[in-house]
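Naming follows writing order (A, B and C), and every chain is counted from residue 1.
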């Protein structure tokens, strides 16, 4: 399993025991797998923006990567636990819209409802008790421990989301808009301003706000050597318009 | 050592070089061990609440796990450096009360004072220079590099601590009370309110405060889709009462 | 590669996908290497203080460690991508002063400009697309994929930097001054006060401010069981004087 990649995508936050306990399960059940923290601060309890973030970033990983995805405000309730196979990658997590964009964009996808049951299942931490053991089994090459399932779909969600879905450490604000879906001349309207699209930070003066295609293909709002979130008043959920 | 688990419990914080330098020592001296971050934000410089948190979370890990525990405000002073074997798990850290609850709850326990001395011992970072090399040796299966020792005990500390011992990323407030030690009908008095005990988040309305047994057996105060710490004014050290 | 150490030094912050994506590349190209987070919160976009921090902390790691260093405000612009071999350690990162102190202090050093080009190179994330694949190749034992290069030098920078270069989780403020370069009796002038040099925290009363040689040989300003940054108003860039 030395090359097998398990990627973590959650809203657990950076602190606390949750990610560590999931990793202990993964390393117990899939020894030697490479476990990588992608996001531990995905939009908290908000499957919609998380879905656009996940679809853009998961697509960067190689085939057979297992994405363990826990943005799960309904844990312990009725939502189904899912396994998704989409474009040769595996996804494990709750049936709450988190995989909506992965499913839509996939050339080929299959979905299972998890039937695996652990010896002990807590009411509030299915990431550790249910999703992690399943992710480990998929990393080991086991068949999906589930039965075919039709997931809940969200047909009203747009193909491209004109909202901020993540604000990073530098204050750069990532949108749910794929650069490839926009005209090359398109600009972004945000906070009463229209921002030109540039190639990267060093192409604009210090302090200038702009938008650009980030390293994962999403449009991102930034300020060279400044914080776009502070300058423009942006947070997860802030709206943007595409100005053709 | 592919399956050997070393768990980190500290108040080092998430940032800074301390955890990374400890991991470098662990991976040098116990190559192939699985090193998992459990808490890097245990109660800062407060061995008492940390002791209740540690005892509850360490018990979740399998036999022979090595817990490297550094909440050590007296580093460089007179407190002894310890190795503890309790219920088949190893603990390494300072003799300042951090292991009080682990020792009390153990069916069987032994304690050594570390006699191992590294080539270079800094005055302020025994986690890296002393405790990590010892933890690595235990993970490798070496005998405890120490001599039998009677640790400092804290008989005045209660069996169950009616205080908040940790506030997580969601604002949930973990107490030092074990659910199994309370009557199933018991409620918690906190911040002038009495909170009913429920199964999990999805069993209460959005915005409702409640208490429940968390996934490690501790009573926890929470608000469904809200922050209990903000709503109820809780932080580490806030007091609670058990309402029978 | 089980013992091969790759150390990460960046200003990416703790959150977000950047470190995780770099690790995925490292583990893909150098399977089995031990990847350790040293600093993810090096001085943001400030190569000068970062250079003093890096030189002090990288020197602690064993020979042949690969340090992947990304404090790179000019990413996508004209600055060269470098490989440095200094005192038997490898460094990979931008030519912007980040390696100035490593180069000055090395008994022997060589520098290459990276000529390796990945299949896809983003404009804004050379850490993932360029520096990480090169670091992995060095960890594997490949020859440096570059050509000999004369790096930009910063002769005006002092040998010892009388500034705060890092504030840690406890509020301790690390300076760019090496303890070994100061007289043993030297004190530090900071925020209108003169601080005596002590051995460690437990040697001063609770609440007392002092300075001491930290576990990596840098002078550090601290308050026993308090926050030096808050008590003395310190942040990265705050000035200090040496009082002989």
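Throughout what follows, contacts are C-beta pairs under 8 Å (C-beta built on N, C-alpha and C of every residue); 3 or more make two chains touch, one makes a residue touch a chain.
Because the structure is predicted, anything quoted here is derived from the model rather than measured.
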Contact graph of the chains (line, ring, star, complete, other): complete
Angular offset of chain B relative to chain C [C-alpha, multiple of 5 degrees]: 120
Copy pair chain A, chain C: interface residue numbering same or different (half cut): different
Mean-CA-position distance for chain C and chain A (Å): 30
Touching two or more other chains - residues of chain A: 14
Interface residues, chain A side, partner chain B - complex: 11-21, 23-24, 27-28, 31-32, 44-45, 73-78, 122-125, 128-129
Footprint of chain C on chain A - complex, ascending: 2-3, 5, 7-8, 14, 34, 36-41, 57, 60-62, 166, 168-170, 199-203, 212, 214-216, 225
